[in-house]
Amino acid sequence: MSSLKIRIYFEDTDAQGVVYNSNYLKFLERGRTEFLREIGYDQKQLLDNDIIFVVKKVSLDFIKPAELDDIIEVRSKIFGVKNVTFSFYQEVLDSNGLKILTADVKCGCLETNNKKPTKVPTKLLNSMMEKSNGI
Amino acid sequence: MSSLKIRIYFEDTDAQGVVYNSNYLKFLERGRTEFLREIGYDQKQLLDNDIIFVVKKVSLDFIKPAELDDIIEVRSKIFGVKNVTFSFYQEVLDSNGLKILTADVKCGCLETNNKKPTKVPTKLLNSMMEKSNGI
Amino acid sequence: MSSLKIRIYFEDTDAQGVVYNSNYLKFLERGRTEFLREIGYDQKQLLDNDIIFVVKKVSLDFIKPAELDDIIEVRSKIFGVKNVTFSFYQEVLDSNGLKILTADVKCGCLETNNKKPTKVPTKLLNSMMEKSNGI
Amino acid sequence: MSSLKIRIYFEDTDAQGVVYNSNYLKFLERGRTEFLREIGYDQKQLLDNDIIFVVKKVSLDFIKPAELDDIIEVRSKIFGVKNVTFSFYQEVLDSNGLKILTADVKCGCLETNNKKPTKVPTKLLNSMMEKSNGI
């Protein structure tokens, strides 16, 4: 599992006084990006090589709101791997460990040039699975 | 059904050259907001009165990317109503009518002050259903 | 002069209940983009050819806030042209024509490949100046 | 002086492959917010009491672009104080200490209820000045 702490700023809030819904997708991607970085991959390096990851499906469950100045935690792990896709389970927690949001995010692996689906490299997949064990 | 055309600007894109995933949640809310406006409700008016709508659950299916300068269309209709929640089915289409994204968005109705769930006003619900007929 | 009407949505606001400051830079770019489109240029076409425009300097004067559901107007015109740069004067107005914000935006023209400054094409400059006359 | 490190994610970039211009205003506010937090004030606390800070004027000088995966540094200090306003000088630096952007940001202090200008509390001003010394 990977864990990332995020501070909530004015930019993240809206006129209802809480975090605006679309910003959780940003926080979730920050979490997945740090998950990948922790196993040795950064986005720019993947982009410069021949692979990009894209989001295929997302399910979000909004449980309670986050607010200005809060520090939230994004937890990310892989829970499913197929031929050309892989899926993250992610949680956003408040500073007491209470759930703010849960998410299933299915990603696809594409060739950078032609945007065709391609196999996730085996080494990367193995690292993903290893990182997700024992949560 | 409600239809809203949206132009894609640099702000909506990312370094992959296409629309960044979280921005679709913004487009979808613009669509729901215009749906409500077309049946006589605006967000500020709802906020000033005693009701806010919040997003409870979202499922997104990313089918193909939108790009800079594209004009996309967001189509919105109600497909389910319960006691204190209601659900939108929304589609984002390209200028040829091809699907870019589909979404199920479950919303809840809260009292502004105490943030407790409350019944969607009957008049509003009836207008929503009427607007969604015959699609 | 070019004029663009923009609706304010929840995404544009923050917990102070008004439009968040960075979003005005988005609105201003939408205005400049439509200015260019009206004289026959779109951003993607410029990007696909060998030119990109970048913002070099910005001065913003925040006069009064915009709010949820407002319709604001962005007015844009060229007020200065040099060898490899050009400057926009832009205003954001409320629905009564009162100023919300004024901006000076200095843009530079770069070659897409090497990101070196390059002359703004004469035909484009002439069209910009013509569009800005008689305001 | 106050220093804040920020990681660049996909959300921050645009189709030109670099950080989108409006996002620097977000980074600058994160910097000012952390400056205030370091001297004992957080935004929510100020908002819950009777004071809000608003941005009155901004001048931005874009020197070079930041890119995906970069870690940038926002440096913030007070350089001018008047009766109801105060001004920040802020720099955004790359990981080699080279300037990406410089900014002058003039802020005003308002009463939360009536949005009228009010004096910055003396204790807060003194802490701001002290924090900004010796840079």
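Miscellaneous remarks
A, B, C and D label the chains in the order they appear, each numbered from 1.
The rule is short, and it goes like this: a contact is a pair of C-beta atoms (placed from the backbone, for glycine too) under 8 Å apart; a residue touches a chain by one contact, two chains touch by 3 or more.
Not measured: the values here are computed from a predicted model.
When the C-beta contacts at A-C and at A-D are tallied, the pair with the greater total is A-D.
Among the other chains, the CA centroid farthest from that of chain C is the one of A.
Centre-to-centre separation between chain C and chain D, using Cα means, comes to 23 Å.
Taking each chain's centre as the mean of its C-alpha atoms, chain A lies 33 Å from chain C.
As a whole-number value, the distance joining the C-alpha centres of chain A and chain D reads 28 Å. The multi-chain contact residues of chain A, meaning those touching 2 or more other chains, are 10-11, 15-16, 22, 26, 29, 47, 67-68.
Of all residues in chain A, only 15-16, 21-26, 29, 47, 52, 54-62, 65 touch chain B in the complex they form.
Listing the residues of chain B that touch chain C in their complex gives 7, 9-11, 26, 29-30, 33, 42-45, 47, 67-69.
Residues 10-11, 13-18, 20, 22, 67-68 of chain A are the ones that touch chain C when the two sit in their complex.
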